[in-house]
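Chain nomenclature is as follows: A, B, C and D, assigned in order of appearance, with residue numbering initiated at 1 for each chain independently.
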Amino acid sequence: MELFGIFIAAAVINNFVLIQFLGICPFVGVSGKLSSAVSMGMAVTFVMTMASMVTFLIQHYILIPAGIGFLQTVAFILVIASLVQFVEMVIKKVSTGLYRALGIFLPLITTNCAIMGLCLFAVMKDYSFIQTLIFAIGAGAGFTLALVLMAGIREELELADVPETLQGAGITMIVAGILALGFMGFAGMKF
Amino acid sequence: MAKKQVSIGNEFVKGLWDQNPVLRALLGLCPVLAVTTSAVNGLGMGLATTFVLVCASLIISLARKLIPAQVRIASFIVVIATFVTIVDLTMKAKFPALSKSLGAFIPLIVVNCLILGRQEAFASKNNPFRSLVDALGMGAGFAATLTVLGGIRELLGNRTVFGVQILPDVWEPWIVMILPAGAFLTLGLMLGAANLISRRRERIAVRMARAAALNERTV
Amino acid sequence: MATESSKTSVLGGVDEGHLDLVTSPHSHFGWSTGRIMWTVSAALVPCVATAVWFFGFGVLATIAGAILGAAGTEWLVGRLNRRAETIPDGSAILTGLLLGLVVPPGFSPFMAFIGGVVAVGIGKIAFGGLGDNIFNPALVGRAFLQASFPAQMTDWSHATSRVDAISQATPLGLYKFGDPSQFAGDIATQKLLLGEVGGCIGATSSTAILIGAAILLITRIAHWQIMASMILGGLVFGGIFHVSGIGPSPLFHVLAGGFLFGAVFMATDYVTSPNTPVGMWIYGGGIALLTILIRLFGGLPEGVMYAILLMNATVPLINRHTRPALFGAK
Amino acid sequence: MKITLHMLATLIVVGMLSGGGLSLVNDWAEPFIEENQRRVRDEAIGFLVPGGAPEQAVDQDGLTAWRVRGEDGTLKGWVVRYAGTGFQDTIDLMVALDPDRQEIRGLKVLDDSETPGLGTWIRLSPDHQAALAGASDRYLEDAVGDAKNFPLQFFAYDEGEHLSAEGDLKVVKGKPREQLGPTEVQSITAATISSVAVVDIVNEAVLKLDTILAEQGGA
C-alpha cells in the first residue's frame, strides 16, 4: 500500500511535468505528434528506471561510505550520460524495431532534467531501493501520461484557428496550465 | 577565417532579445517555470545560471583545442557539473534562505540545455573573449526573463515585487499565480507577447528598409 | 491584412464550418449556434429561479459579474481583431452564466468577473474561439477561481438564506470534514432534491437541474449518452465503494455537490465532448470514476470540475480510438 | 591508439581537476553549512523554550528530542522534532512540551511544501513571532479566532489554556474560541488538510516520544 502511494504520488499528485516542472523541454519539443510522444514516454520511463537504480547504488555504496557526497551532481550526471549511451548501444544491437522507435529520443534524454531530478529526489526523500524503483516507474508513467495527453490535444489543435502569436510553445504552455489546474484535483490524495 | 565576424556588441545584445534563451529559443524551461514564484527567486536562479554559463564557457573555450571531439560532451558535462556544485555549496554556505527556496533546481542547472547548448554551439568554436561576451549576454537574457516572470507572478499572487508591496490591500492575491498552473499560463502569455513584439519589430524594419530604398531612388 | 479578412468571413459563418469538420454527428440538426446557446440558457432558468428563491437576489449580482466578464472579453477581443460580431450567438453569455452558477452564493461579483475573463480569454479565445477549445471554458474559469481564491470559493456562509441550514457547509463538505450523520437517509435525499442545502449557486437543486436536462434532451441539444453514462457511472462506482464500506450511498454521490449540474450542463458541451456514441460512454464513465476517486480519496470534498477538465483533455484520444475506420483506410 | 590515450588522459585530467577543486570548495563550505543548520535548529529551540540550553535526549526512528534546562539545571521543557506527510510533501516541525509532557507549549514548522497563501498558514509568520515575543499583546488576544493564526493556538497565551498533550488533538471547524476544548484545534479555512496533517504529526510525535522514553526508562 505504501508503495502504491509512492507510485500514485509520483505519477499524478506530484506529476513530474505538470506540478514539478521537470522534463519541460521534451514536453514542449516532442508533444507535437502522438506516436513520438508514446515512444519518448517509453524511452524516458526506461532510462529513469535504470538510472534511479544505478544512482541509488552509487549514492549508498560509493559516495556516502567514501564521504564524498559533494561529488553527487558530477557523479550522477556522468552516470546518466553514459547509461544513455550504453542503452542506445544495447538497443541497437538487440532490436532494430525498438531502436527505430526509441533511438532518436535517447540522446535527447541526457539533458532531460526529469531523469536527474528523479535521482536527486529519490536520494533527498531517503527512499529504499524498492521505493526508489517504484518512484521511478511512477514518475515515468506520469511523464508519459502528460506527454500523451498533450500530444493528443496538439494534434487536435492543428485544425484549430489558434491565434498566430500563441501557436506552438505558447498554446502548449496554456494547455499545460489548464492541465495543471485539473491535476490539482489529485492534491492530498491518500489511499 | 574569411567568415564575417559579428561585432562584440552584437554578440552580447543578441542574447537579450533576438536569441533570448527562454522567449525565442525555449531553452532551460524547467527552472524558468519552477523557481519564478518571486522576483528574488527568479533573479537568484538567473544569476546562478549565468555564473555557471560564464565560467564553463570561459574554461571550455580556453581548452577547446585540447579536448578530443569524442570525449567532448563528457568533458563539458564534468566542467559544468563542477561549477554547478560550486554554486550549490556556496549558496548553501552563504545564502541558506535562497538556497532553500530554490531547492533541487540548483543542482539541476547541470541539465539546463541552455548551458550545454552554448558550449556545443559557441564556446567550443570561439575564442575565450568572444565566448565570455556571448555567455554574459545569454545569461543576462535568461536572468532578465526569469526576473520579469517572477515579478509578474509575485505581483499578482502576493501583491509585492522584490518583497515590496505594490498593489493595495483591497487587491485579493491570485494564489494561482504562485502555483504551477500560474507559471504555465503566465509563460504562455509571455511567449505570445514576445512573438507579437518581434513581429511588430520585423514589420517596422521592413517598412523602414522600404522607405530607405524609396528615399535612395528619389535622391 | 488579406489573411485576416478571409478569416473573418470563416468565423462570420459562425463556426458551422468547424462543427461540420470536427463533430459530424451534429450535422443532422440544422440549428444555428445561436439557437442552441439560447436554448441551453433557457434550460438554466429553473436553476437560476431556485437559486434566487433559496439564496436571495444577491446571487444575480454574482451571475451578472461572470456574464459581464465573459461577454466583455469576447466583445473586446472581437473588436481588437476586427472580427465579426460573435456576441449574438450567445456562447460567451452562456459561458458566463454557467460560471456564475457554479460559485458559492455571496461570491464577489468582481472575482466572478475575473473568472469570466479567464474563461473566455484563456479557455476559448486562446484556442481560436468557439469550436476549437479543448476544455470547457466555464470550468477553466472556475478552476482558475478555485486556485486563485480558495478561501472565498469554499466559503458558504455569505448566503442571505431563507433556510438556516444552507448557509453552512455543503453536504459533501459535511461528509468529508464534519458530521456525516447530518446528511443521512431520506431527509437528506429530499433536501438534495429540493436544493435546500449549502452549495454553489445553481447546483443545489436536483429537481431544477433535471427540468433543464429534460429540455436539453427533448430538443436533442445534449446527447443522452453522456448524461446517462455519467449518472450510471456515479451509481455503479459509488455503489461499489459503498458496498465495500467506503463512502456514502451512490444516490448521495449523484445528488450531492455538482455531480448532476456537471453531468447535465458541463459534460454535455458538444465542443469538448467526444463525438462517437462509444466515446461518450467512455467519457461519461471516466468523469464519474474520477469524481468519485477524488471525493473519496482526495484532499478535497468535491471533484466534478477536475474530473470533467481531465476528461476534456482525453477527448482527442478517445475520438481517435473510437472513430469508425474510414473506408479504404488501413 | 594515440587518440584513445589522448581521450583517456583528457578525461582523467578533467576528472581530477574537478574532484580536487570541489573538495577544496567543500572544505571551505562545509563548516558554514553545518553552522547554518545548527543555527536554524538552535534558534527554533530557543524560540520555543526560551532561556535554556538544549541537550539532546532522543534520536531514534526519525524523531529527535531535546531537554531544555535553565542555568540552574531545572528542566524548562521539551522540544521534539518530527516529520510527516502534508498536503503536497513532507512537513518537518518542532513541538514544545512542558517539563511533565502534559501540555503543548509551542509549534514551529521548519519545512513544508504546502499551498502558498493557504496551507502555508501553518508556519509562524514574523507577526506571530513578534506577538509571541511580547511585542504586541493585543494582537495575540484578538488573533486566535482568525484562520491565519493557526500556529498560535499551540502556544500558551494564558495560564490553563494550553493544548493538552495527553490524548490526541482533533481539528474542528468554525467553533468560537471560548468553546474550544483542550484537545481541539481550529482548522485553517480552506486548508483543512494541511491543518489535519500538522495535528496528526504532532499527535504522532508526542505518542512516539512517550513510547521511546518509556522504553529507555524501562531498560
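Simple rule for what comes next: a contact is a pair of C-beta atoms (placed from the backbone, for glycine too) under 8 Å apart; a residue touches a chain by one contact, two chains touch by 3 or more.
None of the values given here were measured: they were computed from a predicted structure.
Chain-level centrality, scored on Cα centres against the all-protein Cα centre, points to A.
Counting C-beta pairs in contact, the pair that comes out ahead of the other among A-B and B-D is A-B.
With centres defined as mean CA coordinates, subunit B is found 23 Å away from subunit A. Work out the mean CA point of subunit B and of subunit D, and you get 36 Å between them. Taking the mean of the C-alpha atoms as each chain's centre, subunit A and subunit D sit 32 Å apart. Annotation: 42 Å between the Cα-based centres of subunit C and subunit D.
Of all residues in subunit A, those that touch two or more other chains are 70-71, 74, 163, 166, 171, 174, 177-178, 181, 184, 187-188, 190. Looking at subunit C, residues 122, 126, 143-144, 147, 150, 299 sit in touch with two or more other chains. Multi-chain contact residues of subunit B (touching two or more other chains): 74, 78, 81-82, 85, 89, 175-176, 179, 181-182, 185, 188. Contact topology of the protein chains: fully connected, every pair of chains touching. The part of subunit C that touches subunit A in the complex is made up of residues 7, 10-11, 18, 21-22, 122-123, 125-129, 132, 134-135, 140, 143-144, 146-147, 290, 293-294, 297-300, 303, 305-307, 309-310, 313-317, 319-320.
Interface of subunit D with subunit A (complex): residues 18-19, 22-23, 25-26, 85, 87-90, 115, 193.
Here subunit C touches subunit B in the complex through residues 108, 111, 114, 122, 126, 143-144, 147-150, 152, going by the rule given at the top. Note for the complex: subunit B touches subunit D at residues 37, 66-68, 70-71, 74-75, 78-79, 81-82, 85-86, 89-90, 92-94, 96, 100, 157-158, 173, 175, 178-179. By the touch rule above, subunit D contacts subunit C in their complex via residues 87, 115, 118, 147, 173, 187, 189-193.
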